[in-house]
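All chains are identified by letter, namely A, B, C and D, in their written order; residue positions are counted from 1 within each chain.
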Amino acid sequence: MGELVRFGVSMEGDLLKQFDEMIERRSYANRSEALRDLVRAAIVENQWQHGNNKTVGVVCLVYDHEMGDVGHKLTHIQHESEVQIVSSMHVHLDHHNCLETIVLRGKPAEIQHTADQLISLRGVKLGKLVIGHTGHGL
Amino acid sequence: MGELVRFGVSMEGDLLKQFDEMIERRSYANRSEALRDLVRAAIVENQWQHGNNKTVGVVCLVYDHEMGDVGHKLTHIQHESEVQIVSSMHVHLDHHNCLETIVLRGKPAEIQHTADQLISLRGVKLGKLVIGHTGHGL
Amino acid sequence: MGELVRFGVSMEGDLLKQFDEMIERRSYANRSEALRDLVRAAIVENQWQHGNNKTVGVVCLVYDHEMGDVGHKLTHIQHESEVQIVSSMHVHLDHHNCLETIVLRGKPAEIQHTADQLISLRGVKLGKLVIGHTGHGL
Amino acid sequence: MGELVRFGVSMEGDLLKQFDEMIERRSYANRSEALRDLVRAAIVENQWQHGNNKTVGVVCLVYDHEMGDVGHKLTHIQHESEVQIVSSMHVHLDHHNCLETIVLRGKPAEIQHTADQLISLRGVKLGKLVIGHTGHGL
């Protein structure tokens, strides 16, 4: 993280008032933390669009474990993947439906490719890739 | 806009360095302007999710003017709409295809409804609603 | 899920060719599964915008566990929350940084509120709410 | 566009019912048109992420024409740009605020670069790039 640097920002009074109202509703302790979150989100998005360094992503899946061979196929893709599967969590939503979150480490394009393979499986009803970050330097 | 207010922000040195690199690539003159843009975008998104005041939206359409009666139907929906159609621009992309940008004023839900009607027409190949703002107080 | 219903879809040949290329690259077995995924994603987005039924969301956080009291505060918010916290998974990214995925059940607005509280904490560097679904009827 | 091709799609009855309700609310005439719109939107997004062919984008700006030299700078960037500026429309929102929609033709990365230059200007309060398409083959 390095040390904290302090600098001045100027903003129109009306705009600042609306910002203060919004961040209070979202439970931010102060403006600096809210601005840092906006900055970090922009940097992470930029990194996934343009960068090629290893990073972290999370795949969230909702699937019906009784449809075909989906559970086995999900495991197979994870074992064959070129990215590192760090960990996964399984939640039983009901008799049929499961939710799984899978944490992956690798380059953005590789993580995207593995996510595509998981999400496109028959039996997987809903799949999202969350673009994340290692946290280092953020 | 009101007068400019100046306040201090603290940020980790590593994070600030990455932010400075990103905003330089995007041609920002300084940090304040880049931060104001992040803040304004967050406020406008929040206003469309939770607000009920009149605002401004832009519908962008790509359509084939020779498919059915699409040109006439687009005009009809705009004349019947509960929102105010401020202005529209038509661009001939090629012999078949047109691009149209339509500026609408009204409440978020009303603008969304008119946008849905325009975008769902047969002949309209691509339609997007851009959530905008009157600029007042922003 | 109910039984499978079969119906006919018509599409321009050029469009279908591009669609087939895209879904092959994304590893879909066939058009039906790819179309169902597009439909399900649209329904889930619609449900979160307009619905009020209980559903499922996933909050993904990257945070520095040594910054202030963030670990304790994250736990506290989860215990005080009006939504049900189904399960969470913790991954150690490095000496400082943690990634956590938290599965929540509740109404969309309630899940959003708890997500806002978690994401806005100082120490949380990156936070995303993934809009999910119970899987029932999807 | 080429000729229409007809093919069969299978979908769970519960899912189809929810889809039919959603597309009726959005004014679609039938399932085929709604499915084609989902497919087209996915193809256009894919094209902007991975393609390098010339395409079309729309930049929507809200700005205060009295702030600095913003009007002149907007014109200057458009004249210097490597992409083709097809057309633009200007709307007077109030005494201070203007809305402008600008249609650009070029490669995705070039359009993005010109959009960044326009959006980052001081005086421009809100800027969005809409990823479009020439309509050809869509």
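Criterion: a residue touches a chain if its C-beta (ideal position, glycine included) is under 8 Å from a C-beta of that chain, and two chains touch if they have at least 3 such contacts.
What you see is a predicted model, and the numbers here were worked out from it, not measured in a lab.
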Pair joined by more contacting C-beta pairs (B-D or C-D): B-D
Centroid distance [mean C-alpha coordinates] between subunit D and subunit C, Å: 26
Centre distance in Å when subunit B and subunit D are each reduced to the mean of their C-alpha atoms: 9
Residue numbers of subunit D (touch at least two other chains): 1, 40, 138
Graph class of chain-chain contacts, one of line, ring, star, complete, other: ring
Footprint of subunit D on subunit B - complex, ascending: 1, 23, 25-29, 33-34, 37, 40-41, 44, 56, 58, 60, 62-64, 86-89, 91, 93-94, 96-99, 101, 103, 116-117, 119-122, 124-128, 130, 132-136, 138
Touch list for subunit B against partner subunit A, complex: 1-16, 18-19, 22, 31-32, 35-36, 38-40, 42-43, 46, 137-138
